[in-house]
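Same chain, two partners: chain A is paired with chain B first, then with chain C.
For the complex of A and B:
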């Protein structure tokens, strides 16, 4: 049962999302001062779906752009851009997602788009950095032999470099996705409806139960996805 | 056949290889020897265009290497390097089958070829086929590297210090195996090494390089007998080069017919080297050996005087 642990986390996540009403007694005990203790403005399953979608879109773009950029700058033709790309990716992470949101909203308007841009920028660094490390960590002699044996550049990349760098690249994607699952919550501040909604609403209304419901769901989602990556990485 | 005509390679303004001309006949093993940075590896890698030459022409079987597509050229040329460059994520079997797969051979032909090569190089299929490179010893990995280089049965083999990283005993074993292999396969081999003993042991044609130029080239014995300058002489071992020459000369070249006097106790095989004969004399404190053939039958005798060549021009010399 290789997939048992991810499945356990997934069932816990779904149980929480679907059975939130059943936990009313618990939240009433925690937040005894409020009339409403379960966030009802939107269904949790819908929020979870939207949250996951935003992360999937942002992370897929980050993977394509990040891995693509790292591959390009390790080719002979793109080697001049290596320091530039490494720096831009680092800057992407020093820039707080909240600041990106603030800058993106005037341009892209409210909603899902600015949070996708923010997550994309924020998630690029681990992917770029790990892809670069993975590709640069391949022994020079392996590459030399591959070329010397008559493999084309594409064959070297596809059959030698990427498989050898895969574990490191995967670790980068794992970090990036996990961070993005947590960070996506701030999207609720600019009108992207997701699991951040209950948290923001809880903060605004001083309702700890709402905050907990959002936070627990996000936490379980992150753990579930992380455990899937963990299993996946072990195969490499 | 490989020919280099006035080949130069410049990195910036520096010439790493400076106008060298060289001809390696079909079936010959040519060793490039010299100190580090003399341009021997660069020369080798210009042949399969891992490095492009700046001037001059390189021909393979009469055709300039630039006429071929890089990949096509390299798939025709076996390539073995010091650190083996085996793919760590592939099994031994898959590593060896690399070039045949690139050439799109049918599956069963690749399978048969890999089996053939593994037995040729003393790597039993059942115990090695599914191993990964990190499970091999240095010598085994290098054998796999040579097998991979030979996989598509190329006429030409380029070897860049293939045994440089091995311990002396394994190195010697692999040198003998290569010589044995070469006597059966007759490949055209260019072999880069900085180990003069290795070069002398293997080469038909020896090329001594220094600072990007060829200082001297010729048969190993020619160089040993007549080094062109002090550099070549010191590279060949200085005073020791007499012994190296003896190591390259078989006993049968200097032995005398059996004389009337009783035969000597100490024996030496006719195919042994004069170096070994000298060692036997030294150890047994004698100056005369009986030369025997494979069946241990006396076929001649070797005296110290004819060993060292006082009797040059005697029968068999």
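For the complex of A and C:
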């Protein structure tokens, strides 16, 4: 029962994606001027899958690299890099994701790969910042007590530091994924095919029905993912 | 402090490898064809390229013992290198661009971008190590900006970025104006509405829950989706309600953009205002009451001034966020700097993309710094107990 809300959103999302054809009357009513009212250049399930895949790949890499980097610079060996990494992680948040995406294209070219790289780079920032905040927020006495109990450095990290920092890290991952879902949609303008496609195509062709189909699906995807995180965070 | 500064050593080493190994500039006959890349030694020959590495090597040697004096010298060198970068581009333009081809242009290559990035990172590192304020870092960038401006105005005519700008200097100025007015209007409206909502929320807990859950959903909605969702109802309103159409509102353009921007801006604004007003020390309020202040006086002279720094933090977050989101609004015809980004992406003209993206980045950084400094000033005054 605790997962009811995320499940409700997920089933709404799937129902919309699978039942788009059944809603034709609705879109026909909204966009009475056009002959075609359902976006058919690609199947909505495929678009949703591609969108999710890009976000999942970029976000998982960002979590591994981001949490890894934050752990590294809080250990004695990497401590020299801590101030710089912390500064960049907080300053980088000022950069608008669209600008980062736009700057990635000249360097990496068009297509899906540059989007994944751009999302990965941008998604790192909130994760690094929150992991640092989480690890640094642990009181020294807690760490000392763990060491006093005979734990090794690795054990302290695994069994004490990471569990204590988990809620803050999770909040960072949530921010990162939310931004990634939104930015991936804009990626449709640089040649990646995903849920942004119907919106862009609708804007270009002046077809409101296309825009609505894309916007509703992305919106539901974003809300579903966010409600999962919401649920998850409450458990910590 | 006698230990070497490993960070700067690593940065300088990476800069050195990138500078010699990657293409420094590229030259194209016009804006469509792919340019040919030139590495540093192909621009000025090996002796020149090695000389150009000297400042990097010097910094690396300086930071092997990280005393304050040595770090200061490293800072001077880093700033000088940033100032020398446009001069390098001017030299490259002079040597590589054929003046008889009026369309030929010089593009900034990956080596230069990497160097710029690493030098800025070094600047941040040095600023932290020397404990300079954020303000001071901007003063350090002033000569750098002056050098770039001089070079752009007089010596860098063939630079591709500049050619793109020359072709559309009027639309560019309009775009900046539109961008700033959209951001200004969104932040202004959401400030007023946000404060009113926060005040209402302090009275009724029910409103608080409702407002936060609605705004949270809006915040998770991807910008492109929200802009899209607003198109339909606004188009319908404009078609069916006369006075709305008379206001110039339609499905595309500034109206849905502004509405969506306000929607996104409300959450940080309401949250910060609400928290700021709620967290004023109860003891301070009590003593103000005890001094015989009326409700209105307590609010205007005690609670509001004390809450101001946190509210300003909300304005900062909102402004920076709105500057980025306005770029997306270009897709629904709202104008602004995003227009160049999406035009450039459509035409595969990367310098046009840069013409849109770089000013957006710059605006975001400037807004962030200015509002951040303002907030910390107010905070200091509060800590010092100076009445405002």
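Everything below uses one rule, namely that the second predicted complex is superposed on the first by the 214 of 236 C-alpha atoms of A that agree within 3 Å, B and C clash if a C-alpha of one lies under 4 Å from a C-alpha of the other, contacts with A are read in each partner's own complex, and residues count from 1 in each chain.
Methods note: a residue touches a chain if its C-beta (ideal position, glycine included) is under 8 Å from a C-beta of that chain, and two chains touch if they have at least 3 such contacts.
Because the structure is a prediction, the values reported are computed rather than measured.
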| item | value |
| --- | --- |
| Between chain B and chain C, more extensive residue contact with chain A | C |
| Which superposed partner A:144 touches (first chain B, second chain C, both, neither) | first |
| First (chain B), second (chain C), both or neither touched by A:95 | second |
| Touched partner set for A:152, first chain B, second chain C, both or neither | first |
| Touched partner set for A:47, first chain B, second chain C, both or neither | neither |
| Which superposed partner A:67 touches (first chain B, second chain C, both, neither) | neither |
| Touched partner set for A:164, first chain B, second chain C, both or neither | first |
| First, second, both or neither for A:196, with chain B first and chain C second | second |
| Common interface residues of chain A - those touching chain B in one complex and chain C in the other | none |
| Touching residues (chain side chain C, partner chain A) in the complex | 5-7, 110, 113, 121, 124-125, 128-129, 217, 219-226, 228-229, 231-232, 235, 251-252, 320, 323-325, 327-328, 331-332, 338, 341-342, 344-346, 348, 350, 353-354, 356-357, 360-361, 364-365, 368 |
| Residues on chain B engaged by chain A in the complex (per definition of touch) | 45, 48, 50, 70-76, 79, 81-89, 98-99, 102, 145, 148, 158 |
| List of chain A residues in touch with chain C within their complex | 30, 80-81, 83-84, 87-88, 91, 94-99, 102-103, 105-107, 110, 178, 181-182, 185-186, 189-190, 196, 199-200, 202-203, 208, 211-212, 214-216, 218-219, 222-223, 226 |
| Residues of chain A that touch chain B when the two form their complex | 139, 141-152, 155, 160, 163-164 |
